[in-house]
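Chains: A, B, C and D, in written order; residue numbering restarts at 1 for each.
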Amino acid sequence: MSELFRVEGLTKNFGGLAVSRNISLSMPAGERLALIGPNGAGKTTFVNLVTGQLQPSAGRVVLSGEDVTGLGAVRRVRKGLVRTFQVTRLFSEMTPEEHVTLTVLQREGKASRILSRFTGNSEVAGEVEGILATLGLLDVARRKVGEIAYGQQRLLEIGIALALRPKVLLLDEPAAGVPSSDTPKIEQALERLPPSLAVLMIEHDMDLVFRFAKRVVVLAAGEIIFEGLPSEVAANEKVREAYLGNYAYARSVA
Amino acid sequence: MQVIAQTESVAAAPSTGSRWLRDVTGVILIIAAGLAGYWLFPDNLALLTRVIAIALLVLSIDLITGYCGVATLGQAALFGAGAYAAGIACVNGVTEPLTLIVIGAVAGSAAGLLMGTIMLRAHGLAQLVLSIAIVQLFHEAANKASAYTGGSDGLAGLTVSPLFGVFEFDLWGQTAYLFGLALLVVVFVVLKFIVSSPFGMLCRGIKQDPIRIRAMGSFVFPVLLKMFVISGAVAGMGGALAAISTQVVGLDSVSFELSANALVMLVLGGLGTLYGALVGTVIFMGFEHIVSSINPFHWMTMVGALLIAVVIAAPGGLSGVLERISGSGRGKKGGRA
Amino acid sequence: MQTILSIAIDAFAYGMALFIICIGLSLTMGLMRVVNLAHGAFAMIAGYIASYAARDLGLGYAVAIFLAIIGTVIISIPIERLLYRRIYGKPELIQVLMTIGITFCVIGITNYFFGPTLKTIPLPGSLSQPVDIGFKTIAAHRLFVMACGGVVAGGLWFLIERTDFGIKLRATVDNAAMADALGVRTQVVYAISFAIAIGLAALGGVVGAEFLPIEPYYALRYMVTFLVVVSVGGAGSIPGAVVACLLLGAVDTTGRYLMPEFGNFFFYAAVIAIVCVFPRGFFGRAQ
Amino acid sequence: MKASKGILGAAIGALLLGSVSAYADTIKVGIIGPFSGPFALQGKNFQAGVEAYMALNGKSVKGHDIEVIYRDLPAANPAQSRALAQELVVKEKVQYLGGVYFTPDAMAITPLLKQANTPLVIFNAATSAIMTQSPLVVRTSFTTAQTTSPLGKIATERGVKKVISAVSDYGPGVDAEAAFKKAFEAAGGQVVEAIRMPLNTNDFSPIMQRVRDSGAEAVFAFLPSGPTTLGFVKAYNETGLKQAGIKFFAPGDLTQESDLPALGDGAVGLLTTFHYAVSHDSPENKKFVEAATKAVGGAEQLSFPSVGAYDGMHVIYKMIEATDGKQDAQKAVDAVKGLSWTSPRGPVSIDAETRHITENIYLREVVKGPDGKTFNKEIQTFPNQKDPGLATQ
């Protein structure tokens, strides 16, 4: 498969501390990759480096053959490198519909228009409705985000990301904090992601990882220690040592 | 500094139609209240005109503080830029009132562009201090350039031509007031459009979480700067209106005191609703006028007590209280970011 | 050279006077997170008390300072209980509204009782003479102000960094809920810090009265200066406040010597430059 | 919005009722001044002057009762000034406007006068240009140029050849600088340096260093009264300039009586020129001071704006007398052109040409009285001084 996205030797030092060390990774279109690792392994830092919230000390980020390392977060989003947040960052006073509408308008370059009505914008209404419908958020489309369930807020995070029509989507723990009863809805949403989209997901819920990912990368202490099929992860010695040991052992026993 | 975020609920209205209705009602209420002021206080029109000019200033602060979360104690720099630009133009022979308003708006926007460029480099308290420093520099510059501005003696001798060649700006101030009221209504309607446009939404988003907005692929700085320019135009029109109706421009129009008073009026009325700006201005100035007429020697204590009382009784601003009384109950107030 | 030294000494004295008045505000803003615009009002109350004690009652300068500090703190207690407690942790603009209200009230009341005239605090003979320090003649009270500034800075540093109370205070500031859980009585810590800040305002009001004379409008007249100095230094930082006061004092004094007609330009241009380079002030905490 | 207007309406309506109930044969005089704020003392002196005049001369003229309405204008604010003047004329139906402390405030009122058919008697605002804005303005105070000009001669007479001028950087300060320079150079002196100090200067030591470095034999100063003056005079003493024999000249604004207690002994020896000293020795002044002290509420609060107000009321009374209660601004103003009388400050007259007061300017020295309090002692008189600023126009 042709490569869509690649990072090369991505390194980040905070003072003397290396939080990311020489990370290299490549993703084709349609990829479903899970990035896992123990707490403090540098997963979120990695996402921040990729999406431009942080500037790397060394290394490159390449999207569709173009080096985007020098670009800021906003430009990377516009090029199709989109993320969600580990803790939802939503506007509590706005509705899901408004979130998605704003995002779509932004993508279309219409978000800074000052003399068109925001609501009832028929140009984008259909698309917004489509996105909300896919995520099962139509029921709460016009309620304030502060008033809807956390699981729905997580879905909305994904919805916003989708509204940007990304090429590469980085999901930072999409199911974190969601009650287990709601996890299937998230999973469902993940399954319905556009097939051509390359998705990198950070997740702690291993069941979800195993069901979702075609490939797993394990990060420990800022370094990639494993890259391979989900089925191989549990067997890997390094991974066992670093992080997964007890879990895999427990599974194998069970 | 996270400014108060008792943002008016954008989402409470279930449909576009009812929101339209609400806005139209609001505008009609403003016009009605303005005309009521005209009929009830025909002898106080100069005061009421001044209220309108200040209301424009307070509205302009609401745009950047209430909608974008950028607190400023230097907004009078923009107001004063408009006032002096209109004043200087008028002294130099441009006496048509509408032209003067446009000149004020342009000058205010230019000042807003400058102010935004500087202020947006910082956040929180530092930002507030930058705004103070800027208004002080403007004040100092206006004082220094006394050849153009008249310095501390004020820029006098503005002779404004009659509006549409017919209506004189005279002692009774009917022309000035109705002109001001019309200007206020037009500006208010335009601002209502702006704050409910995608751009307005983007600003609210930035106020709550600029990182999220960036992750949505939108730059923050140009959006805020644009709002500064719009805000400058509004403040500049207020300044020009003050210059036209007073026929003198004084250094007080670029002072920290005016900026601080205007911010107090806004917080008093409630941020982020546009209505709050109007309510705050009318109540503060009305109260000040009444108590200083009753007791010109000690009105300050009364105004201070009013402010304290408002914080204790209605921390979300007076417009929230009025709404609760009127029973329209739109969303909850006084929340924080 | 003589001129430079002389300007430097003037700048130092002025900076120290600013420091004594502003450090209390820096504590309230940095540690208690209250934008207390009424800070100057408390300094002014102290000035009135000291003036009354020293001029009208004929008490000594030291006694007057002592009475002013005690008196102002006592006056501040009910205000803290009734008003300030309502705005701890509230949004800044609400705090601004409340404390401006308090300032207006204090001004109005002071005007009513003491009239609008300037009030002086007579200095004892030893402080009122000019002293020849070799290269220039300087008023003795300026030396006194410098000494006071040094003592205040040192004392506060010791209190915050080296005492039990300092530990509790820092813990409360970092995480009030956690400190509470650890058995620190945060309400008490707040009350004591507030009293200390007010006491410092009082000391500054009295000692600094030679620079900033006491009159009812004191509270508003210097509000901006105080706020600017504290922000430039970084709210809550003692070294920051020292550096900001000395630097801004130097800019102000030098500017006024070299080009007095552009004095304010220098001052505010310096403020803009500093704030743009150090958006949190010199020693500001990350927010 | 509507509700708030309603509240405003009720309250203003109540005020309105109060004023309507006064009977018809009352002539109203509106006084605008700083009754609160940093300049409240000056406003208080306006009031004291007005009340003193009415106490001594009765509250009616030719059977017309006089009612005074005060309006507060705490700081220079032309927009508010205009609003207040409009309200006084249109709503309160005053026939005469008086007071006004700041120049821009007066400038904002002058365009209204013709339509309002109301004369404006200025009790203070001291810029020459105001008089040219409207023929219906009469002024009973002084101009900075008027009080400053004699200093030129005084300085040279005292053997001073080189003076450094230090003024606050605002209208009156610049006026004072120019007036002094002109008068002093005409008398053969030289202004070696002219410093303009920002209004909000707190520490004047660097300025004093400049004065010392300039090699001047005297300093000419002008600052607004209040904290800045106090700071300036203090710095003058503390930096040893006084001991070094550098003389201090200033217009009398600097040593106004209400500031003297605060200035204390430091002010002793300062030479100022002004149109009025509370200590002026005349029977008229004695009566005035007694009445005005009662009105102002304390001897030490009395200062020069009171006499401007007192004479202003005199002019207004004369106007009412001339028009017999009818509203005719031009006739009223014409009636007082050339009017001369003996004011508490000495003999004065209204210049028929400029409508500005012609008065004696006195050189005063701050001295310590037998009671240990300092006061301005008049030591030289420059009779019948007109405003040089207007005279040359």
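Keep in mind that, in the parts below, contacts are C-beta pairs under 8 Å (C-beta built on N, C-alpha and C of every residue); 3 or more make two chains touch, one makes a residue touch a chain.
Since this is a predicted model, take the numbers as computed values, not measurements.
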Label of the chain whose CA centroid is most distant from the centroid of subunit B: A
Pair exhibiting more inter-chain C-beta contacts, B-D or C-D: B-D
Inter-chain centre distance, subunit C versus subunit D - centres from mean C-alpha coordinates, in Å: 35
Chain centre separation in whole Å, for subunit D relative to subunit A (CA means): 73
Intercentroid distance (Cα basis), subunit C paired with subunit A, Å: 50
Contacts with two or more other chains, residues of subunit A listed in rising order: none
Residues within subunit B bordering two or more other chains: 5, 140, 144, 298-300
Touching two or more other chains - residue numbers and ranges from subunit C: 108, 111, 261, 264
Full enumeration of touching chain pairs: A-B, B-C, B-D, C-D
Contact set on subunit B toward subunit A in their complex: 5, 7, 9-12, 14, 16, 19, 193-194, 196-202, 204-205, 208-209, 211-212, 214-219, 222-223, 226, 230, 331, 335
Footprint of subunit B on subunit C - complex, ascending: 29, 35, 83, 86-87, 90-94, 96-98, 100-109, 111-112, 224, 227-228, 231-232, 235, 261, 264-265, 268-269, 271-272, 275-276, 279-281, 287
Residues of subunit C defined as touching subunit D within the complex: 3, 6-7, 10, 13-14, 108, 111, 115-120, 122, 130, 136-139, 142, 210-213, 215-217, 221-222, 225, 252-254, 256-257, 260-261, 263-264
Subunit B contact footprint on subunit A (complex, rising order): 51, 53, 73-74, 77-78, 82-83, 85, 89-95, 98, 101-103, 105-107, 110-121, 142-144, 160, 164
Subunit D contact footprint on subunit B (complex, rising order): 29-30, 32-33, 36-37, 40-47, 49-50, 53, 140, 143-144, 146, 150-154, 156-157, 170-173, 242, 245-253, 257, 275, 278-279, 282-283, 286, 290, 292-294, 296-300, 318, 322, 325-326
